[in-house]
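Chain IDs A, B, C and D follow the sequence of writing; residue 1 opens each chain.
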Amino acid sequence: MIEEARRLAPRFAARAATTDRDGSFPVDDFADLRDAGFFGLMVPARLGGAGAGFAEYAEVAYELARGNGATALVFNMHASVTGALSGVTDELADALGLPGEALAARDDHLKAAASGRWYAVAMSERGAGSRLSMLTTKYETVDGGYRITGSKTFCSGAGHADAYLVAARSVADPTQVSQFLVPAEAGLRVEQTWDALGMRATGSHDLHLDVTVPAAALLGGLEGLALVAVQLAPQWMVASYAAVYVGVARAAVDAAIEHVKQRGLGHLPAIRGRIGRADAAVAAAHLTVREAARRVDEAPGDPETNRWVWRAKLLAGTTAAEVAASMLEAAGTSAMRRGHPLERLYRDARAGSLQPATSDVCADWLGVDALGGDPDSDGVAPRW
Amino acid sequence: MIEEARRLAPRFAARAATTDRDGSFPVDDFADLRDAGFFGLMVPARLGGAGAGFAEYAEVAYELARGNGATALVFNMHASVTGALSGVTDELADALGLPGEALAARDDHLKAAASGRWYAVAMSERGAGSRLSMLTTKYETVDGGYRITGSKTFCSGAGHADAYLVAARSVADPTQVSQFLVPAEAGLRVEQTWDALGMRATGSHDLHLDVTVPAAALLGGLEGLALVAVQLAPQWMVASYAAVYVGVARAAVDAAIEHVKQRGLGHLPAIRGRIGRADAAVAAAHLTVREAARRVDEAPGDPETNRWVWRAKLLAGTTAAEVAASMLEAAGTSAMRRGHPLERLYRDARAGSLQPATSDVCADWLGVDALGGDPDSDGVAPRW
Amino acid sequence: MIEEARRLAPRFAARAATTDRDGSFPVDDFADLRDAGFFGLMVPARLGGAGAGFAEYAEVAYELARGNGATALVFNMHASVTGALSGVTDELADALGLPGEALAARDDHLKAAASGRWYAVAMSERGAGSRLSMLTTKYETVDGGYRITGSKTFCSGAGHADAYLVAARSVADPTQVSQFLVPAEAGLRVEQTWDALGMRATGSHDLHLDVTVPAAALLGGLEGLALVAVQLAPQWMVASYAAVYVGVARAAVDAAIEHVKQRGLGHLPAIRGRIGRADAAVAAAHLTVREAARRVDEAPGDPETNRWVWRAKLLAGTTAAEVAASMLEAAGTSAMRRGHPLERLYRDARAGSLQPATSDVCADWLGVDALGGDPDSDGVAPRW
Amino acid sequence: MIEEARRLAPRFAARAATTDRDGSFPVDDFADLRDAGFFGLMVPARLGGAGAGFAEYAEVAYELARGNGATALVFNMHASVTGALSGVTDELADALGLPGEALAARDDHLKAAASGRWYAVAMSERGAGSRLSMLTTKYETVDGGYRITGSKTFCSGAGHADAYLVAARSVADPTQVSQFLVPAEAGLRVEQTWDALGMRATGSHDLHLDVTVPAAALLGGLEGLALVAVQLAPQWMVASYAAVYVGVARAAVDAAIEHVKQRGLGHLPAIRGRIGRADAAVAAAHLTVREAARRVDEAPGDPETNRWVWRAKLLAGTTAAEVAASMLEAAGTSAMRRGHPLERLYRDARAGSLQPATSDVCADWLGVDALGGDPDSDGVAPRW
């Protein structure tokens, strides 16, 4: 699939200027992804998927992002849903005491993905960000299922995906936050709010919900599992898109090299030095993402694994922003024209440090951890 | 006039989102500037102007840029034309051997400015940048004046100004580069090419010339003075817009403070630290611009003055880009939405280091100078 | 006196390698300072001094530091004592309700300084740093004066000065912290503890006190004035030595230029760029120190003045460390040999950000202030 | 051996303050290394060694450097000699046309190392640095061998090692630079010149040669192979000590954590953020060194391998200096006292970027390479 991602990237790159300009969704990129079987990337082979692990996913994300970071970022949401579902093994389900129906539902969701069903994530809310503890979207039990009402923001792929992972708080017991997989046809309303500096093609619009879903839509078959999901697999909340930003950073270096060659500016030492330093910084960030991903596969949830997950997020975000800024400076004024790849990449790259967990939060988490504290509770801000 | 600039800035700020979004020209800002007498800012009092020096201009530019950097940048071009003309005192004219008609023409141009005539600059060309030595726009003597043909790029205010300062090379003697003031009605053609990352409202389009102008349009009344003009007053080529970028940087700090207060994020230490460091950096860059400007007034052309001019350009550019990036990080994801001041300021700020002389060229100039070399000839690239 | 400082600097520079190597006190530098009348720099003319203001002092400190930062740092302590005493005008004394004897004592102390008496400061304590609120050195009233007992650390010039400004807490009323001027002959014991990375020649040893001083030693003639002194003139606690670190930074640039010229390395663009950027950074930090100092003279205690004081401290510290590190990199391995000026300057420069208020504390102070908080109470740590 | 290195590191750390203070050689560390069999680390098993590859060496160097960077740096020289000799396989010898005696000599040198013989490197010369093209040390053929005369500088371990790898130029044919292994007893004279900012315990003194060695001392048995050696295995000239500087950087983070915990400063967010960012930066640099080392083992001499070698050197040097500076700032003034680990680590860390290839040269090399040039010939300076 990594090879396949490399094959698709130039096609995505060719379309990126248009979707970025218009803030339109990369519909053709997603058709390509569906056709090439990427929706089944994280689905186990026994359910018809490619059975990829986190490491393979990270490489795919990096390669897709070299084409179009926005596309890779939307795909990341699908990968996180299918990856998290695949991570609920029968053993884990047993340990968590999940009911049998939940396993059947899990398999159904994954089989559908392998057949081309595409999932988005509707987690963040205005004012709460992605912190589960502050969510206000509610659900209550109704005949044959649940009624969910509320509003979400930053929902990448809103209006395009086939179903949405929605986190909501129980009306009956507000300490419980649960996750549902809500089909697009349930009656979601998309409000076109996404019009941002960078990553303009993700279509991360607001989503308004007043829907009723069947009982099987409750992921895990038990209420209150949302926080467990985060704690079991922080990589999906913290760093799964780190690979995307490293891909964007590498694309910026490549675009600068292309530009400098075309303009015949390679003899200027200041430009050479900028490119050399950028190349090394991106290479190191890439290794960090890979190391984190490898450990997620080998020792998920291990403290050292989580440490690498936070390092990967921190370095991907800071490196992308710094490298893109320096590459624009290397390329010069003419690269500031809209439509030039560096103009877009500079804006796309800026988002990495700002997406939660932000770089400042990551640095704090790592510092608390290094000093022997509990970074999930002693840091500057509650995380979830 | 500084007070007046402060009064206008919030009006400019209120319009900035729209002109930035559409890449449209800030027509209302320029009507305000004309009405408030800013076109006569650099015109001596005896000719009806405000008789400002470079230091006063720098403060005006800073204040205007806190409202809208693009407006301030276009105004900078008018200030550079009128400032340079005002700098040609009778004594200097004598020393340069300028003919008497040139002085009368100078006074006419300046009086017109004081009455509201607005000048733009058409200097740069594709492939040549702003280096006079590589210009290809040509002129030749014709009956009653000169015929000028060629194409210019990055002409801020193109299609809106009343006249354009055009640099062109003599067909008869290609070693001569001369400057003309070409009226808008002479038949210039604007090609809408400006669609850039930042400073989108400057309307810095391409300008195609095939015009005939009267003899009085030749500035100085002598051919070949273009290089002299640059060497006599490098501040207008190197650093007159440094004040603009410091103003943009200050606007970014102000916008971040506003945002952080509104969101109640001021208790977060990482945010406070970012704002504190940014505040100090902008304050220092501002002082540097002021010091350079003060010296331009007191000892124009002095080696130490020129040193400060290059320092001002370097620090304004690097500070603006770094500060805006950090302020966006302080404010968080929500400040990335188009229409948010920080979203625009982040893009506007990036242009400072890239506008010639670029930051890398400035650093090299200062290094060569500090090491005892001649920075105008020993550096990485010919400057003009 | 600025000219005089410039004259002395090369003499200090010639001795700096030796005192740095041995960690010995620059006795000869201080003999030079005494002979040239620098001990009376801050003493009003009517008492026999030079009557310098803070701005003039800052320039003197900068010039002395270009010769030897350690010497300038020790001299700073004397300047802070005499400057603060001179700042207690008759009007201020009146407003504070100081007794008449206090004014006579003030004049005596200042006259003595003008005649060559040299004051050091014994403020910091282990565990408390320079925070008055945590001091443990005690004093109690005894017949004819006060008995002071306790231990101080980081006392620059310990064992060499003629008298020491000592802050101590009242045994009778522990809320009161008072300041005394303790003569060297009162029986202080110096413990040779100073053996540091940089600024090795300041002799900032520990001082152990068990002394009895006459009533006139109580500065201001009233108990509990220590905090008032700090709040009235924060420049002496926060930024008086900022000028020293800018001087050290400039010395590093100069040393790098000298080295690069001697080795014939000026053709290397990376080296030129480093020197150019360093030159501009030092120039901007210098302006900031000057601006702060100018405002201290013109509007002492004003909120905007204090803001500049903190900016000056922040920028002086960060600039010195960054510039010295880059200059060492520009000069190369051979400049790492002990005895090379850059080797010493690199170590000296590192101390700036760490001396209180540290750079991180300054950034926080400025951030809290910019966000509308009270930086003296809302920041990360109590300051005094 | 990696485990063994981890066991030794605390012993080295306990001695580091003393050897650093006195600039004395870590004799006890080397006794430990000899006893634990480290001199045979790079020697093939068939000759009695541990048969380690470059990857294993890099980990050993990292672990040793966490104890004492200077010791690790001296050991690096031995590793480079034995590693390069081990790299001359019989196949390579054949391809290079080396005589049979050379293979026997190679085996003898390696067997001796495995038995505890320790080799140093005498390559650099004043004025030439490590560039082979500028060396002035000469050799000529004499009865039964070669006479070598000249002076070397920066010879780590001078006066302590058992033999020295010496590069010298042929008198008969000055285009030939050859390498000899000169026994300590041949009559070398050590001049105690090493007295540097950091890495003070390496004993990198000057070495004066006027010696006669037997024919077998000529490495490879052929003249003129010095450049070939460099080109075949650039890792030994460019990046073998990169691992050392990453180890130093990690030691600085560890020392800061220890200090901050002891002082109870872990609640301060600025300190936590510094430690978190430093931790991530060191982790990334470490991965880069590992990746380079892994590739050296798997595809020595490959263009992509060499690229990683240069990246590793660049990142190790810049990371070490930046991290150590930030950790000192996190720890505060008290960590500046001599004898505090951070005081030493700050100085040791600074040397990384300055050791050839310097960071600026590495950045240029990578930039030229990325732009499609030949970095070994098109860069800012000849490398060898």
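Definition applied: contacts are C-beta pairs under 8 Å (C-beta built on N, C-alpha and C of every residue); 3 or more make two chains touch, one makes a residue touch a chain.
If you're wondering where the values come from, they're calculated on a predicted model, not measured in any experiment.
Novice: If every chain is reduced to the average of its C-alpha atoms, which one ends up farthest from subunit A?
Specialist: C
Novice: Which of the two pairs, A-C or B-C, is linked by more C-beta contacts?
Specialist: Looking at contacts between chains, B-C has the larger number.
Novice: Distance-wise, how many Å sit between the C-alpha centres of subunit B and subunit C, to the nearest whole number?
Specialist: 42
Novice: Using the average of all C-alpha atoms in each chain as its centre, how far is it in Å between subunit A and subunit C?
Specialist: The computed centroid separation for subunit A versus subunit C comes out at 52 Å.
Novice: On subunit A, where are the residues touching two or more other chains?
Specialist: 269-271, 273, 360, 363-364, 380
Novice: Would you tell me which residues of subunit C are touching subunit D in their complex?
Specialist: Contact set of subunit C toward subunit D: 129, 154, 195-198, 268-271, 321, 325, 328-329, 332-333, 336-339, 343, 346-347, 350-351, 353-356, 358-361, 363-364, 380-381.
Novice: Quick one: which bits of subunit B touch subunit D in the complex? Just the residue numbers, please.
Specialist: Touching subunit D from subunit B are residues 269-270, 273.
Novice: Okay, in this complex, where on subunit A does subunit D touch?
Specialist: 253, 257, 260-261, 266, 269, 271-277, 279-281, 283-285, 287-288, 291, 308, 310-311, 314-315, 360, 362-373, 380
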